[in-house]
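What follows is a set of structures to go through.
Two complexes, one shared chain (chain A), two partners (chain B, chain C).
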Partner chain A sequence: MEFTLSVSAADLLLMLPEFLLTGLACLVLVLDFSFPKISKATLAWITAAGLSGILVSLVWMFASGLQGALFKGMFVLDAFAVFFKIIVVFSTLIVLLASLDYIKRIYLFRGEYYVMIMLAALGMLFMASANDLLSMFITIEFSTFGFYVLVAYLREDDLRSSEAGLKFFVLSVFTAAIMVFGISLIYGETGTIIFPELAASHPVLTGGLVIGFLCVLVGLGFKIGAVPFHNWIPDIYQGAPTPITAYLSIAPKAAAIAIVLRIFFSTFAEFKPEWVWLLIGMAALSMTYGNIVAIAQKDIKRLLAYSGIAQMGNLLIGLAAGTKMGGDSVLFYLVTYLVANLGAFAVVIIFSNLTGSDQIDDYSGLSRRSPLLAAAMMVFLLSLAGVPPLAGFIGKIYVFTAAMHEGLIALVIIGLINIVISMYYYLVVVKKMYIGQPTDHRPIPLSVPMKAVVYATVIGTVALGVYPKPFIEWAVASTSLFSHLIGP
Partner chain B sequence: MITLTHYLVVSTILFALGLLGVLIRRNFIIVLMSVEMMLNAANLNLVAFSYYLHSLTGQIVALFVIAIAAGEAAVGLAIIVVIFRGKIATNVDQINLLKW
Partner chain C sequence: MTLDQHLLSIILFAPFAGAIILIFVSGERLTLVRTIAAVSSFISFAASVYLLYAFDYGRGGFQFLEQYEWSKDLGISFFLGVDGVSVPLVLASSLLLFAGIFVSWHIEDRAREFYIFLLILASATIGVYVSLDLFFLYFFYEMSVLPMYPLLGVWGSHTKGYLEMKDTAKRDSLAFIFNFASNSKEYAAMKLTLFLSAGAVVALLGILLTYVGTGLHTFNLIELQGHEQQFTPFLRSAIWLLLFFGFASIAPLWPMHSWSPVGHAAAPAAVSMLHAGVLMKLGHFSIIRVGYWLFPQTTKEWAGLIAILCVFSIIYGGLVAFFQRDTKYVIGYSSSSHMGYIFLGMAALNMISMTGAVLYMFAHALATGMLFAMAGFVYDQTHTRDIPSLGGLGRKMPFIMGAFVIGLMASVGLPGTVNFIGELMVLAGSWEPYPVQTVIAVVGIAITLAYLMRMFMGLFLGEMDPKWAHVHDASPIIDRLPLLIMIFGSLYFGLFPTQFIHVISSGVQPILEQIHSAGAVAAARGGG
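Our next item is the complex of A and B:
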């Protein structure tokens, strides 16, 4: 057998954002250890500038409609991949800005913190482009390696952080091992691992293929944190440094959703009657479990963790629809979840920078200590709950409409009941902020980057709710690879 | 004559042993070893399929899985060292600060 690998410069243009990010990570790492006099804040601003440049290059790629596949179809670039890359880079940028104050709690290896964030982001950029089972596995592990380190970054200063890192590590490698076993079975049954070839081979639904598929679903379900693979989420969210929690709650989930959509909607699209029940079950369980357990939470990070499980359940409703419209709604829902969730975590970061506390009771009377933060938090929580006219409302309506078109009425009713349940615990926090008496009357200072993050996410949350049209059009344009699913 | 079925039976037993090890054993080092065993069960599968399907893909995947397993061991042991320094424990039951 002979292998030839011909890659031209024009082909490499498809990987432009990845190359830029690799270069940026190396640059920051080298600057950090070669010139110790450069302050860590400068490094952060270099990183932020570089990420903004990458964001611009991605927008350019989307506008120019660049697409193609590299390395025998292992790496694919299309509008769909670019959509997820933009989400990943945007959330990386927000998380980086939100880390600027928080990182003062870390005494050692502050420069490497930015590098690890960039390497995790690099893994997720590749995840968005992964087009076969091998690159799926490698890229998932690549991004998760960065997160193992980042979750445990507080080391001996906060034992909860290293404990969270260990739990994350054990559960993650465990599910990764199950996923590899599934990959080996799918390979054995079909003789190929490339997604389009898998779809073209029209595999027969044999026992090996079913077990393999379920094993891969375990790994992916773990990444998106849907019930029954959600056990890691609350502990890891609570123990990890808060900016990393914010990052974990959106970017890896978005990148995993890209892979899930590729697998369910194009690779195994012909088995829709079989897998739709899996997704319906996961959606209903995630929503119900997340919302009910969230009610009992005393820690805001755990509350947002359970709310994140429930949000993933909502998103799975769109996946269960299994149509192109379902795909569009999932993409749009991710954007609405991104702005509201990152915003809520930004408020948590600002609050804990002053008080060092994440207890919901300590948020009492926040409106008197910082009217801006309380108002922003209210907007984010109401958007997560799905109150009009905010982003979450449009996202939920879109997902429900897609499911209604496919006749999943029971699932939509479960979703509606869950909105009511979730309203309760979001409003408890809002009530505490506005009606409760503050025990501590210090006003909460807001640095410039944190202010930028809060304003950007508030504007995003309101704008997506009031004028969602361009974003819906963007989502619809990005899922053109699922146009075979439009149906009658 | 060793057929594909023999390999699959061995790899399934290996996988099941690893799975049980992760679920039952309480020491992190052993848990890590069990995970490695699960990964190697998958490698055995991949190489066996590769041989019987006359395609090289499986062997290439197995090589990557070995590399990833090495990386996992490095990061995992580093995290265990941090835990051990802060709190002299390598048992799962003793790591219990976070719960609801």
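Our next item is the complex of A and C:
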């Protein structure tokens, strides 16, 4: 069979953000090599400006309702993909700004740091558009390559960073192998790898297909860090440079959720009675395990790592609902998690820039040293706990309502119990910041970009809680591809 | 007219606006911080006094409606409105907030943050009382719980037993936190927050089941009303019980009360006032607003349960209060005992007792507010709440002693105070359905008198320890103003309760009509 690609210029418009990002990454790389005297901060600002431009192009794509498929349906652009691309680019931008001060700790390859971030982002942009099993695999691996390097970026100063990099690499490759095996099984059973064709072929649920599906789920579960595929998260979160931890905690998860939604909600939608139990189990285990283990943590990055596992469990409640509303709630939840989690990591970055410590005990008396940071951290943590009037509360209510409509009462009860458990460890941090006495009285300086990040995420967290309407509508509009699903 | 249209928004958002302005004010400028807090709470207070008199009780029903669409996809609208049940509670909240600002005038450590949390706490409480959307009711309910954590943890106080322990390792050990008599404020704050959040999520489950069960895709309380029969008897009982126990944990109904005295004791005076005065009433109010309003027939079936549990509240709280050494524990247990009267009035399901119960909620807010303000004042002066080590303070603080007598009278429910009317109505109304409980409740009044007299004598009479020579009486304006407002409210509405009773009964009547007609319909159905 002759394989031809007939792609017109108009079609390539569908890949505009990817082209722009590739160009930007190359530009920064070339500038860094060609002009050794150029300051790294300048490179960062060029990157930030470029990312803002890409964000604008994405908003334009959403507004214009552009959609289509390329390369025989391997790459698809629809409102759903654009939603996730916006999330990825936005979090990349925030992570970049949050890295500006942090990167001064890194002595080598500062220019490449930005390039690596952009290449990882590029992989994730493709993930959001991946529409068949092969491009899914390739894009996931593409985005992970950037992270292999980024996680180990502190190798000169911190052994844990190298360790994290190695662990991440080994585990990632291991799950990738499992996923590839699963893909081959699915292909063997159905004869196709393109999602819509898979759905249209109405496959019979044979043993091979089940095993293939489960193997793919292993790979995806690993990316979103849900129990029982969560083991890599705490060590790698702790060891990686904190901005990268922040990045890892949101962008790859979001992009993987896009693929998970496409697979569960479109490709294998007809097997909902079978897969719903998998999701219920993963959701319940992730929430309970993440929250209970988080209680014992002494390191704020590990605490946020376990909290992230629990948050993914919450998100899976919406997935388990398996309806259009469930999809909406997942998308909305992701936005609420994004702002609060990035904000919390921003505070951790600022704090460790001054003190070099991530111990929760060292946060004692933060409210006296920096009222702004303490208040902001409290807002983020309480939002993650799901307290009104903050973003997380609306997100939680949304997924619970979606699950309730499908009669998943037991899962909602587990979720509700977990809210109370999680409140404990988030409040312990609040307690340290507000009630504890500082051992070190130095005020904490805030640079302009960090201030911008903190303000933006605080405002986002509160705004999403007080007036979520535009975001809910955005989520609802983005999931129109799931309107075939029965349910409210 | 425009003012009337936005009256509830003003009451609700004035303290919020104050809190937001405070974020941008320097914490160093204490006077400015206090003034902003006082002004914003005064706007809310003045508007709710106006609300009481502008409320048209002849018309009844929900008034001063404001509705804005919030999320169509979830069926949520920002829907405000008050009926006769919520008007007195709105007034009590804003009054106690205004008084509380002055009670906490002397706080200097991070005063700005203190006032921000206090304003959020009070306006979230008001938000529950004025919400006609189930989602927002819960939204504000949960929102009012969280500020308690920093308020107790940062500005609260340890109990004496805790401070006396020298072995700090033992003091902070896990086993120690179960030692009820000697708690740290951190423990109290955490216990309170987790307990109330747990109660809240139980209620939330009930709310979500209601929302999904009706299939109306709306949280609007008025539209949800009248769909009780869509639920199976098992499901509606389950929902009712979830709502009841969820909300009753904040009330606090025995046996879910244990967070409350601990929390009262640890809290700074103004927070204790708001906590006992209006936060605990969120429980009764939400049960009436959600449980009674949406599930009238189920309410009738389960009212007996309330009548049983309330007796334990009254007697247990009263007896434990009698044996406390700590002033705030006395008032804390007294509050949880008095909450039993409100439950008794709610259980009786007739006009007199329900009206009395709502009136008593208002009355208790003022009475307990006074007592907590004074206990706080004495603590500020002496740094102890231990009754046996105090005494003879009457000579040093005659004004406080006088005010305490009035607070005591109000708490016991002597004629002339609004508590008297509320208590009398509750007892008169519940005599017929629950004679045993009513007799026990009367005994409870005697117990109240006993422990408050004991506390009064312990604080103000007898020999004064020379080490209290430095204490002084309430300063002319800042310290006396809040007490005078509460005393005035208690006496004024005790002598002229007509407006109040009209307003409250206009709100209670439709709820009771629902309950009794629903029962009749069901009985007719069963008979046919």
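By definition in this document, the second predicted complex is superposed on the first by the 485 of 488 C-alpha atoms of A that agree within 3 Å, B and C clash if a C-alpha of one lies under 4 Å from a C-alpha of the other, contacts with A are read in each partner's own complex, and residues count from 1 in each chain.
By our rule, a residue touches a chain if its C-beta (ideal position, glycine included) is under 8 Å from a C-beta of that chain, and two chains touch if they have at least 3 such contacts.
Owing to the predicted nature of the structure, the values given are computational and were not obtained by experimental measurement.
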Next on the checklist: For the combined arrangement obtained by superposing on chain A, do chain B and chain C clash, or do they fit?
Outcome noted: fit
Checklist entry - At the Cα centre of chain A, what angle separates the centres of chain B and chain C, to the nearest 10 degrees? => result 140
Next on the checklist: Per the contact definition in the header, classify A:Gly165: touching chain B only (first), chain C only (second), both, or neither.
Outcome noted: first
Item to check | First, second, both or neither for A:Phe393, with chain B first and chain C second | outcome: second
Checklist entry - When the two structures are overlaid on chain A, which partner does A:Glu473 contact: first (chain B), second (chain C), both, or neither? => result second
Next on the checklist: On the A-aligned overlay, A:Ala152 touches which partner chain: chain B = first, chain C = second, or both, or neither?
Outcome noted: first
Item to check | Touched partner set for A:Arg302, first chain B, second chain C, both or neither | outcome: first
Checklist entry - Of the partners chain B and chain C, which touch A:Thr355 in the superposed model: first, second, both, neither? => result neither
Next on the checklist: Touch test for A:Val180: chain B only (first), chain C only (second), both, or neither?
Outcome noted: first
Item to check | First, second, both or neither for A:Gly239, with chain B first and chain C second | outcome: first
Checklist entry - How far apart, in Å, are the nearest Cα atoms of chain B and chain C after the overlay? => result 21
Checklist entry - Of all the chain A residues, which ones make contact with chain B and with chain C? => result none
Item to check | Residue ranges of chain A touching chain C (in the complex, touch as defined) | outcome: 328, 367-368, 371, 375, 378, 382, 387-389, 393, 397-398, 400-401, 404-405, 409, 412-413, 416-417, 419-420, 423-424, 427, 430-431, 434-435, 467-469, 472-473, 476, 488
Item to check | Footprint of chain A on chain C - complex, ascending | outcome: 27, 69-74, 110, 113, 135, 138-140, 142-143, 146, 149-150, 153-154, 185-186, 189-190, 193-194, 197-198, 201-202, 204-205, 208-209, 211-212, 217
Item to check | Residue ranges of chain B touching chain A (in the complex, touch as defined) | outcome: 11, 15, 18-19, 22, 28, 31-32, 35, 38-39, 41-43, 45-46, 48-49, 53, 55-58, 60-61, 64-65, 68, 71-72, 75-76, 79-80, 82-83, 85-87, 92, 95, 97-100
Checklist entry - For the complex, which residues does chain A have touching chain B? => result 1, 133-134, 137-138, 141, 145, 148-149, 152, 155-156, 159-160, 162-167, 169-170, 173-174, 176-178, 180-181, 183-185, 187-188, 191-193, 234-235, 238-239, 293, 296-297, 302
